[in-house]
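Chain IDs A, B, C and D follow the sequence of writing; residue 1 opens each chain.
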Amino acid sequence: MEEKSMSDIKVKVKEKDLIKIQEICKSFDNKPGELINVLHKTQEHFGYLPAEIQEVVAQELDVAVAKVYGVVTFYSFFTMLPKGKFPISICTGTACYVRGADNVLQEFKRQLNIEVGETTDDGKYSLNCLRCVGACGLAPVVLVGDKTYGRVSPEGVKEILEEYQEK
Amino acid sequence: MNKIKLTIDNKQIEVEKGTTIYKAAKELGIYIPVLCYMNLEGLNIENKPGGCRICVVEVEGRNNLAPSCSTDVWEGMVVNTHSMRVINARRTVMEFILSDHPKDCLTCAKSGNCDLQDMAVKLGVREIPGQEYAEMSTYKIDFSPSIIRDLDKCIMCRRCEMMCNDFQTVGALSAFNRGFEAAVGPAFEMELEDSTCTYCGQCVAVCPTGALTEKDHTRDVINALSDPTKKVVVQTAPAVRAALGEEFGMEPGTLVTGKMVSALRRLGFDYVFDTDFAADLTIMEEGTELLDRLTKYLGGDKEVKLPILTSCCPAWVSFFEHYFPEMKDIPSTARSPQQMFGAIAKTYFADKISTKREDLVVVSIMPCLAKKYEAQRDEFKVDGNPDVDFSISTRELAHLIKEANLDLNILPDEDFDKPLGESSGAGVIFGTTGGVIEAAVRTAYELHTGKKLEKLDFEQLRGFEAIRKATVDFDGTPINIGIAHGLGHARKLLDEIKAGKSEFHAIEIMACPGGCIGGGGQPLHHSDTSILKARAEAIYREDAGKPIRKSHENPYILKLYEEFLGKPMSEKSHHLLHTAYFDKSRKIEIS
Amino acid sequence: MTKIKTLADLERIKNEMRSDKDLNGSQDNSENAVRIKVGMGTSGIASGARDVMDFLTEALEKRNIEAVVSQTGDMGYSYAEPTIEVRKPGQKPVVFGYVDVKKADLIIEKYIKLGEEVEGIIPVNYQTIDD
Amino acid sequence: MTNLGGSKMSQHKQIRIALNNCGVIDPENIKEYIARDGYLALGKCLTEMKPEDIIREIKDSGLRGRGGGGFPAGLKWEIAAKNQADQKYVVCNADEGDPGAFMDRSILEGDPHAVLEAMAICGYSMGATKGLIYIRAEYPLAIERLKIAIEQAREFGLLGKNLFGTDFEFDIEIRYGAGAFVCGEETALIHSMEGLRGEPTIKPPYPAESGYFGKPTNVNNVETYANVPIILRKGANWFNKIGTEKSKGTKVFALAGKIKNVGLVEVPMGTTLREVIYEIGGGIENDKKFKAVQTGGPSGGCLTEKHLDTPIDFDNLVQAGSMMGSGGMIVMDEDNCMVSVAKFYLEFTVEESCGKCSPCRIGNKRLYELLDRITQGKGEMEDLKRLRNMSNVIKDTSLCGLGQTSPNPVLSTLDNFYDEYVAHVVDKKCIAGQCKDLMTYFVIEENCVGCTACARVCPVGAITGEKKEVHYINPEICIKCGACEERCKFDAIIVK
C-alpha cells in the first residue's frame, strides 16, 4: 500500500510567532490550568487570537483546540479579529447609559459606518463596547486606545474622530 | 447509618446519603422528567450539568425550585414534584427551549425518536407565545461523511460534549460562544471532517434532539436496488441482529437474524451475506499476525512490537491516527470485517457471478457511523470504486424495512446466502466488547498449540468493565490480554504502551460503550443501559447456538483460502485484506 | 530591607513614618514643606490627574516652594475630579476639586503662596475609624 | 441606626472603614500603610491568636459578604477551616462586573495592602497557604498597584515564609478575568481560574468544601476583605455597633447617574436612600425630578420615592424588591424611561448569560425581545402578564445567581412603574421621551417659514410642502432620525 497523505490537518504559522507562543506557554509551565493567562499574554503580543495561534496554544498546553476555542469565545476580552489602529471603546455601563451612551454609540456607528465588533475597511478604527471603566463621574465615557474622553455627546463624536484623521 | 429519610409527593422514603432527588423519586416510582440529565448505569457515564431545568421540583424551605437531577436529598426534606408552580415552570422553560428550536419535526431525522419531542408532548406545549418575533440562533449545517450536525437544534444539554471529551477523550467538541449564541461544536466551527473527530457516533447516540444525526444513505440504497444493471450485495454486522428488533417493538436482546435476512431479501438485495463471514476471515489474518509476532517476540526478536492491537473498529483506528501516530505500526494491519468483506465481494465473489466490479454494489448494515467514513477512505477504493459502496446504520435499515411496509415481527426466518453468508460463532461475538479477542484466542490457541480447546467460553474476557485484563494459558505460555471499550479507556492502555509499561501481548479496543452493540448507529438506548446488556447476551446466545464456533473451522473460509487467497498473510491477502495507517495528528508547520 | 519578624519591627517602621508626619515616605522631614496628594485612581487619571501631578511637581520646584507631591487613591469625589489635597505647614488639609493645570497654577499662586481662598474646596464629609 | 460607639455623634453621614486609607495613603508605598497600623492585625493574629479565635471574632463582628449575597463571612471561613485538605485556597473576588460600580477597583487602587493583609489572616484562620486574586483584566491600574503591593509585602516579609517569625507561610498570585460578568459567581470564578469557560456549577458542593482544583476554597470579595484588618484591630464589638441588627458595619456605594456628586460613598448600614442621594449625593443633577434609584446592578431593582426612607441593609433592599448587590447605586430622573431601563439591564444579562441553563440563556432573550417590542409601541396588555410569568419562572429555575436575579429589573419596574408600561402599551406613549419609536415629529405651523431646509435634509422624503408654505411631516414615512429638527433654524419642528 502506497504511503499517501490522507486529509491530515496542517496549521501554518510563522516561525517567530511559534517561538513566541511556545515561550509564553513555557513561562506558565505549559499547565492547562493557565490557559486564560496564556491567552491574555498571547493576545497582548499579537493583538488578537486567530485560529492558528489557538491551535499552537492548544498543542503546547495539551488541551483540545475545541476547548481553547470554547474559552476564547466565552470571554469578551478575547478577540479573533484584529482591532483597528485606533480601537474605539464606548462604555455602556449603567452610569454611561443613563447619561446617553447609546446615542454616542449610534453616532460612532453612523460616522464610521461599521457595527460594534467591526473594523473599518482601511483598518483604522474598530468599534467596541465595554462595561464600566470606572470613570462614572465622567459619563458617558469613550476610549480611543488608552486615551479617555469624558462627557462625550453625539455632537462631540466628530471632534474625537477628527483628532485621528491625520494620524 | 448513612440513610436519609425524606418525603416526596407525600410518600416517605429512606435512601442512601448522596442520593439525588431524581433517583430517590425513581425508587418511589415517580419519574421526574429529565432532558439534559443522562446516566448510563454500569458504564460510569453520568451527565448532569443541571442545565435544561426541566427536572425542577419544589422543595419546602427553599426559595427557588431545585433541579432534581443534581440536588442531593437531606434529612427531612419535603419535595413536591408536581405542584402547579412546578408544572408552570416546566412548561414555561420548555416553551423557552422550543422557541429557539426549529419546528421542522415532520422531516427531522429524529422525528418519532426524539427526547425533546416526547417532552413537548408530555408537557402539553401547544403554542410558543411570541414565536413570531422570537429570534432563533442559527449556524451552518455540517455534513461530514458520517455525522450531520445541525446546531439550530442544539439545546445545550452537553451530552455530546461529555461523551466526546470525558468518555472518548477525543475532544472534537466543546461548548463555544456565550449566552444565547452558545452551542456545542468543533473549534472555529470547522467541519467535523477537519477536526479530530473519529466518527464514533457516540454524540449521535446520546443527542436528545435532531442536532446530531447520521448521514442518511437509504436513498442511495434505494437507487442501487432500483437499478437493473446492478447486482446488489448486502452484508450485516453481528451487532445489528441483536438490536434491530427493538425498532419493531421487540424486547431488547431479541435476536432477529433470520427475520432480518428475510426482510433484506424482500427489499430486493440480490445476495444477503453476513459480515460475520468476514469476521472469521479477520481472525484468520489477525490471528496469524498475532501468532507470527508472538512467536518472533518470544523467540527474542527485538524488532517485533507487542502488544498487537485489534483494528476492526474504524473510530479506534482514527483515534490512534489522530493521537498516537507514532504508534501506528503496532495495531494489526488487518482490515476491518466490513472492508475485508467488500474486498472479497468485489473480487472473489464478483468473479464467481461473472459480474464486473463496477456493476456490483456492496451495501453494509452496521451498528456504527464510523463505518460510513471507513467505507469511503481512499485506500479502500480501486480506481475510485469503493469496496463498500454504502454503509447504513441499524436505524436506517429499520427505516427502509418500515418504508417497504414490512413488519419484522411476522416475517419468516430465512438463511443467509452462500458463500459469504456462512459464519462461525466466533464471527458473531465480534459485536460486543471482548468478542474479537475471544474469537482470536479460540483460533490462535488451537493453531499455536495444535490442541483442541476444551471450553470455548472465555468468561474472563466478557463483561462491561471499562478495562479488563486476563491471562490465557497457551499451553505453558501465559498470554496477557487487555480489553478496553471507550476511547478514553483505550487511551490509558496506549499511554502505558508508550511509557513502556504495558504488560499485554494483545489488546482489543472498541470505541463504543459495550462495543458495537452500543454503536452510534444502533437503535437509541435513551440512557437505558440494560438494553446494551441484553444485546450482548443475545450475541453470546447466538454464538452458543452455532454449530461452528471457531473461525478456522468455517468451511467457506477454508474454501476461500483454497480457491483464492492461498494462506493467511499471503501476498494476495496482504493486498486485499490488510492496510496501512496514517499520521493524522494536527501538525504545526512553519510558513 | 530586613524582613519584619515581630510586632516590634512593625512598630519601628510605623514610628519612623509617623515622625515623618506627612506619611509620604520621603526623607524630607522639613516642617516647612507643603504636602500635596493627588487622587490618582483610574477616574482621576482619566480626568487628567497625571498632568496635574506633573505640573505641580515641576512648578513648585521651579517656583522654589518647598513641597512634597505624592499620589494617592480615589478620594471619592468622582464628580469633581481631578482632586488634590493640600496641606500647608501647621494647617488642616484642604481638598480641591476640578483641578486642571490652570486651577493648579491658581492654587499655587493664590492658596499656597498667599493663603487666599480658591474656589472648588470640597468639605470633608465623612468620619474616619479614629474619629 | 446606631452610630459609632461612644458619645460623639458626628455630623457626617459617612464612615470610612473599607475606604479608610483610600485617598489618604500612597498605595504604592507599603510604609504608608504600615504607618496607618497596616499589618498590625496580621501580626497580632499570628502571634497572639488561634485560628478559631479569629473566626469567632469575624463571626461576632457580624460581617457579611459585600459581593451581593450577604453570606456571613465568619461562617464561610469556619466551613473552609473545618474541611481538612493538604492544600486550601483563599480567593479574592475582584471581578467587579456590575456596570456602574467601581468600589472594589477603588479599594484595590487606593489601599491594596488591606486586601493582602486580610487574605493572609483568612489563610491563617482556615489553614491555607495560597491566595489568589481574580481581577478583571480591564483594571490595569489596580493590577499594577496590586503587583507592586505584593512585591513590597514579600520584600518586607509580610508575604512568604515564616510570617512574623512563625511557621505560617502565605503567598498571593493574581489571576485575570477576561470579560465575563458571570465570573463574579464563585463557582464560575473558580472554573475561570482553572482555565475553563466560566460556567457556574450547582452548589453544593460549595467552594468551602470543593473549590479551586477540588480543594477547600474561601471566596470573598474585595470590600469584605478590606473590612477584616480593621475589625481585628478594633474588635468585633466596635464593628458590630455600627449598622443595623442584621447588617453590621458600613457599605460602600458607587453613586452615579443623574446625581450631582457622583462618587464613592461609604455609609453605615441603616442609612436611608434619601440621606445618600440628597445629603451626600447633593440631589439630582440639573434640579430635575427624582424618579428612581437602582441598586444591585443587573441583579437589583429600581426603587422609587416611596422607598427613599428605607434604611439600607441586605434584608430591607431585598424586601423592597431590589438587593444590595456589590454596591452600584444609579440615580435616575424624569428623563429616564423605566421600560428602557429594564430593557437596558436585560440587554446586559442577555449578553452576559453564560448559556448553560435554558431559562437564563433563552428566557432572558425572550424577556428582552418583549421589552423591546413594548418600547417600540408593539406591546399588548397580555404581554405584561407574560413578562411577569417569564420573569418569575426565570428566577425560579435558573442555575446561578445571575439568572435567579436577572428579572429583578423587570419585576421591580413592573411593580413600581406599571403605569409607565401601560402608557407604552395602551397609549403608545413614552412619558420620559426616551423611546424613539413612540415619538412623532411635528411642524409647528406658526414657526414654519417654508424654507424647505427640512425637506431637503430628510433622508426618506417624509417632508412635503411648497416653498414659503407650511411643511408637513408624514409620520408613516418618518424614521425619526431627527435630522429635520436639527436643521430647522426656526424652532418649527418639535418631537412629542
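FYI, a residue touches a chain if its C-beta (ideal position, glycine included) is under 8 Å from a C-beta of that chain, and two chains touch if they have at least 3 such contacts.
Everything numeric in this text was worked out from a predicted model, so none of it was measured.
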Interchain contact steps from subunit A to subunit C (minimum; 1 if touching): 1
Chain of greatest Cα-centre distance to subunit A: B
Chain nearest the overall C-alpha centroid of the shown protein atoms: A
Of C-D and A-B, whichever chain pair has more C-beta contact pairs: C-D
Centre distance in Å when subunit C and subunit D are each reduced to the mean of their C-alpha atoms: 30
Approximate Å spacing (C-alpha centroids) for the pair subunit B, subunit C: 73
Centre distance in Å when subunit A and subunit B are each reduced to the mean of their C-alpha atoms: 42
Intercentroid distance (Cα basis), subunit D paired with subunit B, Å: 50
Overlap residues in subunit D, where contacts from two or more other chains coincide: 102, 105-106, 139, 180, 197, 256, 262-263, 351, 354
Subunit C: positions in contact with at least two other chains: 41-43, 78-80
Shared interface positions of subunit B, touching two or more other chains: 175, 177-178
Which chain pairs touch, all of them: A-B, A-C, A-D, B-D, C-D
Residues of subunit B defined as touching subunit D within the complex: 49-53, 56, 64-65, 67, 70-72, 85, 88-89, 92-93, 96-97, 99-100, 129-130, 133-135, 155-156, 175, 177-182
Contact footprint of subunit A on subunit D as seen in their complex: 97-102, 105-106, 137-139, 175-181, 192-198, 213, 254, 256-258, 262-263, 294, 297, 328, 330-332, 336, 341, 344-345, 348, 351, 354
Parts of subunit D lying in touch with subunit C, wherever the complex brings them together: 4, 8, 10, 12-17, 19-29, 31-32, 34-37, 39-40, 43-44, 47, 102, 105-107, 109-111, 139, 141-142, 155-158, 162, 164-165, 230, 234, 256, 260-266, 280
Interface residues, subunit A side, partner subunit D - complex: 31-37, 39-40, 63, 67, 70-71, 74-78, 92-99, 130-134, 136-137, 139
Contact footprint of subunit A on subunit B as seen in their complex: 165, 170-178, 185-188, 193-196, 321, 377-379, 578-580, 582-591
